[in-house]
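Here chain A shows up in two complexes: once beside chain B, once beside chain C.
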Partner chain A sequence: MSESPVTVQPSQEQQPQTKDPSAPNVEDLYLESYAFTTAAAIVGSVDRKVFVLLRDGRNLFGILRTFDQFANLVLQDVVERIYLNDESNTPKKFGETYKGVFMVRGENVVMLGELDIDKEDDHLYELEQIPFEVAEKELKIAHAKTIKDEKIKGKKLLEKGLINDFVKSDLY
Partner chain B sequence: MLPLYLLTSAKSKEILIELKNGENLTGELVNCDSWMNLTLKNVIQTSPNGEEFLKIPEIYVRGNHIKYLRLPEEIMDHAKEQNILNMEQRNRNQKRRGGNQGGNYNNYGNNNNNNRDRDNSGRFGGGRDRGHFRNDQQQHRNGGGRNRYNNNNNNNNNNNNNSQNQNQN
Partner chain C sequence: MLFFSFFKTLVDQEVTVELKNDIEIKGTLKSVDQYLNLKIDNISTVNEGKYPHLKSVKTLFIRGSTVRYVHMSPSSVDCTLLQDASRREALVQSAK
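And then the complex of A and B:
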């Protein structure tokens, strides 16, 4: 506790002098001076645009409004986007749709990351946009295929005395 | 504002729930608790493949089966308004209470803590200390479970002591 004023105060004094818009603000410096390791690590992403990957493979993009110790998340202005890969597993097409306010139960979250709103759309220019419903159908087929493949893989591994750690609901 | 608090302010609003198995439920939120267990009314249940629909007047969802909830757009503003209203209400109550009995003023804002205390007195040893101060009340409230047991022990000890004393005598 005694260290925090030492690290924060200099930047508070400097900021009015420099007035550099790209300089890290006081709030960020303050947060960085603490090592949050559990759910509190995302406190810095509140009110920022984030990407959330769910266990069923959903990609959600929205503004993180609030969260709790279970990583239950409340996201606003959510867009769900489906990326469709080709045979070499590189994304070629995407479909997206607006979904509004989401409250995600923490146990279904695989990962969450802050987005750079200046660059987040750059990669989409190289992809072909298709209607969301079409993307959904294609994704369903892709999922069915992975489930089938994993089943076969599981059987083969079992013959060798190994187990394949796969559950149908984990499609991320 | 925590997610679950936001959910409580979504009561009587139309929400969509997706369960972990892919089923969808849309209906009016009646109630929810801190485990995210929900009760809904006028529900339409959609099967994971989206082909079967079922109309259910009332339903209870155990929280751990939920994948996510979709809330109405206006919920953020609604929650804020409710929060302000609650605060005002609380302030008014505080003033009223403050006039009657000044001592309670500080304690009153901590509704949560009070609830937690009450829980503790039931489940954990927390109530014991209080029991020392007002044993009688505690016994009435809890049906006397733990305390009566303790008292019996004490009585037994006393009896033993008495009998020992008698023997010594």
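And then the complex of A and C:
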């Protein structure tokens, strides 16, 4: 008889835990079991609006649907946006276009951020919207200039025995 | 794996990550994995101009391959311990 309270107690303690509606959310559960993996870092952003910066400088905005350990991503309802900066490197204009579904190979990802959907458009009110095609053309010119400048810089550094680690495909 | 363990000790601390494109992102380090991908909360950017949308970002995942430097407070690093660990790791590597 003296043993019975001991056996009953644990089950009483467990019951409220399983019924608790404010139980830890999915993200916390993953963080516990897969601590310190890519999965733990991104799982909380699944089915949320995210932005992804790619190595070629593209900004994609969409809903993250799946991912894996290499940060390969599948994004739904993607909008690509181009920001155009003035001489002082502050953005003045932007252009955007609907792109649909994207499967991004992980190696091309620079960063992925979860957006606050209440604030995501705030900064756009200060900018002037231009057609995407026009923005694309201007960006191409800007990229050509960057590549040219970096080439000159690379040559100058090489003369001094230094290496400039610029890759043409890295325009982020 | 030494630096993976090192970064794990920095979790929940304030760090500044400098990317290869020269932008610096400050925030609380939330997680790190074996590729040194970083997850950062409460971010603020030093030169926000280039990426204005970062203002509305809550948490950011940065792929390890695009990171140039991670700046941290000197008080969060035990240099002697790190040095010892590095030498031990190098010893193990050279024995292979």
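We take it that the second predicted complex is superposed on the first by the 133 of 172 C-alpha atoms of A that agree within 3 Å, B and C clash if a C-alpha of one lies under 4 Å from a C-alpha of the other, contacts with A are read in each partner's own complex, and residues count from 1 in each chain.
We adopt the following convention: a contact is a pair of C-beta atoms (placed from the backbone, for glycine too) under 8 Å apart; a residue touches a chain by one contact, two chains touch by 3 or more.
These figures come from a predicted structure and were not determined experimentally.
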| item | value |
| --- | --- |
| Chain C versus chain B, contacts on chain A by residue | C |
| Touching partner for A:N164 - first (chain B), second (chain C), both, neither | neither |
| First, second, both or neither for A:Q129, with chain B first and chain C second | neither |
| Partner chain in contact with A:D68 - chain B first, chain C second, else both or neither | first |
| Touched partner set for A:D56, first chain B, second chain C, both or neither | first |
| Which superposed partner A:V101 touches (first chain B, second chain C, both, neither) | first |
| Chain B versus chain C as contact partner of A:S45, first or second or both or neither | second |
| Set intersection of chain A contacts, chain C complex versus chain B complex | 107 |
| For the chain A and chain B complex, residues of the former touching the latter | 54, 56, 65-68, 72-74, 76, 99-105, 107-108, 169 |
| Footprint of chain A on chain C - complex, ascending | 4, 8, 19-21, 30-35, 37-39, 43, 47, 49-63, 65-66 |
| Contact set on chain A toward chain C in their complex | 31, 35-38, 40-42, 44-45, 51, 53, 55, 59, 61, 71, 81, 83, 85, 88-91, 106-107, 109-116, 119-123, 127, 165, 170, 172 |
| Complex contacts: residues of chain B adjacent to chain A | 1-4, 6-7, 20-22, 36, 63-64, 66-73, 75-76 |
